[in-house]
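Here's the structure we're looking at; comments come further down.
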């Protein structure tokens, strides 16, 4: 039980580790932000694709969602990190390896993974809007895109925001997977500091508290949103 | 009628839901074999009255006697009382995961310890009576509302209760199915069971009821024979109610 | 790709057993299955705590569930990897993963179970009791059969999530399917594309039929007890 008796809660204030931990947070937030933005944009596109009338658009979109969701995120990251660079022409590959391949691979994997789930939530949100809304808009003379933009999407977003907040939480948690490919996000740094200093509990607690704070913030945001825009 | 023993007695029963008083100091007796229709505007407390008898709702004051005794509060006593007082719900409440036959046989097998064969014989006899013998192996979702309610009545009768309560049995049915359920209920009135029926079906009331009890605002406003009730109502509330339900 | 499968299928299936620990697909499946079997009573206990009339207990359980859901699975693994050997000397890796999965999925399942019970119309219980059935008999013959049937689709999709979760065991060195493939990648050098494509396909072949089964069950039983929003999407 020595490790517990020598808990050093001040680990984050130790200069040598403080920088590592802050960089860890930076990487985590960068991955999270990128995945949320990318996931939302791609998710919307895929959601529309799944609702398209043409089979040539619908089936690939559906295949994408089904494939991505049944494979663990870690495997996606591995695929983009190990396998995809091999498929690129040599010059691009060499240029890529000069930068942080792990970071890019993780980002792409996170975006694709998040988009698959986000598209499902958006699709249910859109389907939830009564058929009559689209018909009314069409009768007024609005074409497909305008109907979508002015009538369907605003309503769909209202119901979709709570599940999207849930997805944001998932994305934040999912960034920890990047540690497996050397990205210095928070979980990677946690392990590194622990290996170097055996200060496990302090560092683990730091990381845990970080995620709990994010969860509390998102939960509060969700509650505020439901208060302001209650589901009718 | 007045020489028959008292089946159910309310003595000063009151109940409130939150701040809302729903039964106000009710005292009334129902004798064995009586067929009583309880009617009134919505919110009058008539369903609650019925539900307090079998303790589906609790009461805040007073006593309710079933067959001369006040059932205790142990689970055993309450369950025993419920075997003697059948309850038919507005929403039928058939068990969707069991076939019609199993719905009817469940309680007799579990509680009366009937053998499989005895339970099935009893069930088939009841199904024949309500006109649904061919549906014994169907699942409730395959039946119409009227058929489901008839099965629900058969399920209640399987326990052979001396008292049976009906809580708006036809209110959830499409109009064309009301008749088949009322027909079954009409049959039962000759059996000698004590029947208390909360319903809006005034035609049925006029035909078979021995007594009509009119409730409003948690109190019993009128308690009379059908002839008296329909032709010589005294209270203005009852008059207003009747004129709305005139097509009975 | 097929020649890799042909050459290495034994290792990918069961790891280095019996010369080493059990690994590969076998470990993944066994872990997921045992995890599910343990997570259900765990979820039921947590659920009973959640709906308990004693407020302090319900509050504690709510905090537990919030904690389990907010902290990433990898961080849970790191904690238990560190703490479990302090309690059980020489705790094997698979036990660490199993403990985490039981607690983690138990927390999520508790929400599903609660939804399943609350989704049943009140009239079912009333009708059962009105026939004279005791509380216990009413639960046994009327409520639980329906609640479990309603929850079956959710349990199947939870199983899919468990299979995907086992992949994270590789983070702490557990020899499940992902780690085996990673090891193969180290050995074979330039075969990354077929190796990781095969890995992806393996999970797909494992999980997709189960996903379809879950959807079929959901249509068939039209269970009102859908998983509450937010229980999907984990790494």
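For clarity, chains are labelled A, B and C in written order, and residue numbers in each chain start from 1.
Rule of thumb we're sticking to: a residue touches a chain if its C-beta (ideal position, glycine included) is under 8 Å from a C-beta of that chain, and two chains touch if they have at least 3 such contacts.
A quick note: this is a predicted structure, and the numbers were derived from the prediction, not measured.
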(message) Just to be sure I understand the contacts, which chains border both chain C and chain B?
(response) none
(request) If we define chain centres by averaging CA atoms, which chain lands farthest from chain C? Would you check? (result) B
(request) Select the chain whose centre, defined as the mean of its C-alpha atoms, is least distant from the mean of all protein C-alpha atoms. (result) C
(request) Write out the two chains that share the greatest number of C-beta pairs in contact. (result) A-C
(request) Averaging only over C-alpha atoms, locate the centres of chain B and chain C and give their separation in whole Å. (result) 47
(message) I'd like the Å distance between the centres of chain A and chain B, where a centre is the mean of that chain's Cα atoms.
(response) 57
(message) Centroid of chain A to centroid of chain C, CA atoms only: how many Å?
(response) 21
(request) Would you mind writing out the residues of chain C in touch with chain A in their complex? (result) 66-67, 69-75, 78-79, 82, 86, 160, 164-165, 167-168, 170-171, 178, 181-182, 185, 190, 192-193, 195-197, 199-200, 203-204, 206-208, 211, 229-230, 232-235
(request) Would you mind writing out the residues of chain C in touch with chain B in their complex? (result) 121, 123-124, 126-135, 137, 141-142, 145-146, 149
(request) State the interface residues of chain A toward chain C in the complex, per the touch definition above. (result) 1, 3-4, 66-67, 69-76, 78-79, 82-83, 86-87, 117, 120-121, 162-163, 166-167, 169-170, 172-177, 179-180, 187, 190-191, 194, 200-201, 204, 207-208, 211-212, 214-216, 219
(request) Show which residues of chain B lie in contact with chain C when the two form their complex. (result) 54, 56, 75-76, 79-80, 82-83, 86-87, 89, 91, 93-97, 106-107, 110-111, 152, 155-156, 159
